[in-house]
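Common to both upcoming complexes is subunit A, partnered first by subunit B, then by subunit C.
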Partner chain A sequence: MKLRKYLKVYKKFLHTSLASELEYKTNILIDLITAILSLIGSIFLLSIFFQNNGYIGGWKFEQALIIQGIYTILNGITNTWFNPNLTEIVKHIREGTLDYVLLKPIDNQFFISLKKINPSGFLEIILGFFLLFFCIRINQINLNLSFLTLSLITISCSICILYSLWFFISTTTIWFVKTWNAIEVLRSFLYIGRFPLNSFSFSLRIFFSIFIPIAFITTIPSEVFLGLSQLWKILLEVVVASVFLITSRKFWLFALKFYSSASS
Partner chain B sequence: MLEYRVEIALWAISGVIPFFMLNIWTNNNLNESINISDVMLSRYFLCAFFVRQFSVVWVVFSFEEDSLMGKVSPYLIQPLNPFFRYFAQHLAEQITRFPFALIIVFFFFIFNPESIWIPNLGLLLLSIVSTFLSFLIQFLIQSIVACLCFWTEKASSIERLLFIPTLFLSGLLAPVVSFPSYVKSWIYLTPFPYLIDFPANLLSGNETNISGGLSMQILWISLLFPLFKKIWSEGTKKYTAMGS
Partner chain C sequence: MVQNIIDVRNLSKSFDISSKEPGLKGTIKHFFRRQTKSLKVIKDISFKIKAGEIVGFLGANGAGKTTILKMLCGLIYPSEGSILVSGYLPFRRKENFLKNITLIMGQKQQLIWDLPPIESFYLNASIYDLDKFEAKKRIKKLSEMLEIDEELFIPVRKLSLGQRMKSELLAALIHEPNILFLDEPTLGLDINAQRNLRKFLQKYNRETNATICLTSHYMKDITSLCKRVICVHEGAISYDGKLDLLLKKLSPVKEISIVCRSEDDAIKLENSGFTVKNKIKNEITIKIENNSITSSLKTILNNFDIVDLFINEPPIDEIIGKVLIKKDYDI
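Right after this comes the complex of A and B.
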């Protein structure tokens, strides 16, 4: 019953935010060109790295393209949902409009995380899928049921981790008010998700798998694609994703206790 | 500006991408193919970080916000081009950012003590000049984009589009020397390599064509400045305050 209500509310969200975004049609066209150029740029950069001997951290160019594809999909998801909504939190808190959100008879995390949508991110998701299909062909990956389920599980876990990271940083706004730059830091750290984890030095690898688990986000799903992934890694990703989701939720509820509205 | 110390510190941290790139380069011995030693490469990326810190421009975002909020109207009455106001803001923030950038450089040298060097005074001065010229080029390009606000409401998406070639071609992620020859043949005619690659090469003591680079920078500024003046005068004629 509750789920039905939430689905219904979400449909309304989709409708209103799509309607308002489609007001800027040329913007969407420009965003499409931006997404395509950005993908070309990253493949260009990757090709420079492979000029030397064709391997980076044990990955071939064709294999590294898979990471690129998954990164593009995740980046598209970030631009469609996480970025527009969670930057809105900052605005809600600064202007005190979070009060209205809290008063609504619906879960507030649900409301602030899904209220808005930016349709130009879809294009990036589609581009990423195209690249992935291309990679499946050139790497001769067999599509079978276990591969599909495993890749689906790992990618959804990556989405959960990514969401939690964004949500976590946006939540800190309650204390620090301005967190634009913290989001910028997260963005630049996420940038390394475009490359195989093994291509970094040992200390950076540790940092990006323990403190900020960017390693899990793209490398593990790509390993699943190549059939290289061990079971324990997949299980670990599931554990990390659930821990992140639960703590970010707890952290939000904890932070709300300190919310004192604007100018009070 | 000093009010926002934490912000500016975070801003400085968000510029660390060149260090991640350096990590990939040295960890995979990628420099073998372009004949630059590890030490020179790490100096290059450190300088790229530094140049980037002092040439970041965000005027289009400020101007877009002010124009949507209708704050541009009072600025227009004043006998001073409003872009001077943004220009001063940028300079002030660069000065505030300086100590944070130095702290990051200090940590870099702790981890990479072999790459410590002292640039000679002449080159240091020249690289400061060229960093400032690079800042001017970016400021002019963004101001031109910002003036498009007079015609469309959201000029920032055009800026995001222009940011992509800036990111990949300016030398922030990989030195321009390492680019394949089919790109190198035309890239030196565009403004991009003069934004980061040229000043960073100067500062780090890598080989570069000093007089050619500086004259290209000046050439681009002299092309962009009249264009900005033109678009500004066209735009202000077109301007109708928001909500009117």
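Right after this comes the complex of A and C.
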């Protein structure tokens, strides 16, 4: 019953945000062109790194393209859902319109995380999948059920980690009011996710695995694609994703007790 | 007997407020070492509201009216005391409680800016679990009451403030709540739009017996909608009771302007024992206490040659203005 209600509401979210975005045709067109150019630019940049030496951190260019593909899908998801919704939390809190969200008989985290979508991000997701299929062919990866299951699990975990990190930072707005900079820093760290983790120094690897788990976001799913991943790493990613998701949820509920609403 | 739908006991709320000295030095000091202090914005207030009542919350800017409203609807946690609204603890924001209430803020909007209001209505309908048929029925009924029709299909950004406010009301009432919290709903509206909104609220209250808690700086909103007012002064209740009693108490005399047949009649009236405010030729203005108006007017009409007569009601804004700066009213 509840699930049906949430699906119905999400259908409305999709409908209204698509209709809102389609009001501005030129903006969508520019976003779509930007997405294509950005992918071409990223692949070009990656190819420059591999020009002198065929390997970076033990990865070939064709293998590193898998990371680029996963990064493009995640970036697409970021642009489709996280960016329009989670940056809006800051606005909701600063202007006091979070009041309306909190007074709706629906889970407020669901509401603020999924109300809007940016359709141009879909193109990035599609381009990312195309790139991945291309990589599957050139790396002669065998498509079987366990491969698909593990890929799906690791990519879903990456999405959860990314969402939780972003949501966690946005939640701190309840105390600090302005956290745009922290979100920008997070986004810039995500660019690092385009390169294999082994291409960084030991200390940076530790930093990107423990403090800001960028490593989990792209490298582990890519290793699954190449059959290089070990089971403990996949399990660790599942644990990290669950911990992040649960913690961000608890943190949000805790933070709401301190919400003082904006003055009228 | 009508039951209390809102029960507030010994409610207090404190906020941590940071203060900053002026100038660059103050800014740097504020950045590195922020001085915060706890400020009690609501101080030990208690009141009850019966189902179907329309209650106006009066007070100067910063008196604490909006904070009270936001605690009543569950947005802000109280620091001390208890609140029961419709049998629920508001700050727990239980689904059934949220389906019973609505909050409308004059200066904040929930409608989707780039789309016609009808899209927001159907979105709200799905959130409140209403099927399409029921939503359509309610939209039709409310739009008729609010006298909006074509506006439902025009993007919100192209609507006037008045049309937008009506649409906000419709969006906020689609789930037919029985408690309405209205925070300055007529802010910025022109006189006609204000009047239409008031008319609608009266009608809504009459037809649904909904309880309405209202804050407004427009006295007309308060006088035409609320029989009872709660005056808030620096976070404490300075008066809670009937509005007409408060007005009588604060304005015990009325001014009567009288045009006499001749200047001699005016002089006679001047010397007959009434308190005279001023006299210009055959026109005289006297002050009469509210409780002796009828008898005094009878005396004047029987004993003096009167051409015309006006009873001047004291400006309500002025009277209420007195309430906003005074701490206690014993009526």
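Things worth noting here:
By our rule, the second predicted complex is superposed on the first by the 263 of 264 C-alpha atoms of A that agree within 3 Å, B and C clash if a C-alpha of one lies under 4 Å from a C-alpha of the other, contacts with A are read in each partner's own complex, and residues count from 1 in each chain.
One rule holds in what follows: a contact is a pair of C-beta atoms (placed from the backbone, for glycine too) under 8 Å apart; a residue touches a chain by one contact, two chains touch by 3 or more.
Note that the structure is a prediction, hence the values are computed from the model and not measured.
Superposition of the two structures on subunit A leaves subunit B and subunit C fitting side by side, clash-free. When the shared chain is aligned, subunit B comes close enough to touch A:191, but subunit C does not. Residue contacts after overlaying the shared chain place A:51 against subunit B, while subunit C stays out of touching range. In the superposed model, A:138 lies in contact with neither subunit B nor subunit C. Once the two complexes are laid over each other on the shared chain, residue contacts for A:18 go to neither subunit B nor subunit C. Residue by residue along subunit A, subunit B and subunit C are tallied for touches, and B comes out ahead. Of the two partner chains, subunit B is the only one touched by A:199; subunit C is not.
Touch criterion met: A:97 reaches subunit C, while subunit B stays clear of it. Remark: in the superposition on chain A the angle formed at subunit A by the CA centres of subunit B and subunit C amounts to 90 degrees, rounded in steps of 10.
When both complexes are overlaid on chain A, the residue A:235 reaches neither subunit B nor subunit C. Superposition on chain A places subunit B within reach of subunit C only down to 6 Å, the least C-alpha distance between them.
Touching of subunit A by both subunit B and subunit C, each in its own complex, is seen for residues 24.
Contact residues on subunit B toward subunit A in their complex (touch as defined above): 4, 6-8, 10-11, 13-17, 20, 23-24, 26-30, 32-33, 152-154, 157-158, 160-161, 164-165, 167-168, 173-174, 178-180, 183. Within the complex formed with subunit B, the residues of subunit A that make contact are 24, 26-27, 30-31, 33-34, 37-38, 41-42, 44-45, 47-49, 51-52, 55-57, 176, 178, 180-182, 184-185, 187-188, 191-192, 195, 199-201, 204. Interface residues of subunit A facing subunit C in the complex, by the touch rule stated above, are 5, 8-9, 11-13, 15-16, 19-20, 23-24, 95-97, 99-100, 102-106, 257, 259-261, 263-264. Within the complex, the subunit C residues that touch subunit A are 15, 66, 70, 73-77, 93, 95-96, 98-99, 101-103, 105-110, 112-115, 119-120, 122-124, 126-129, 155, 183-184.
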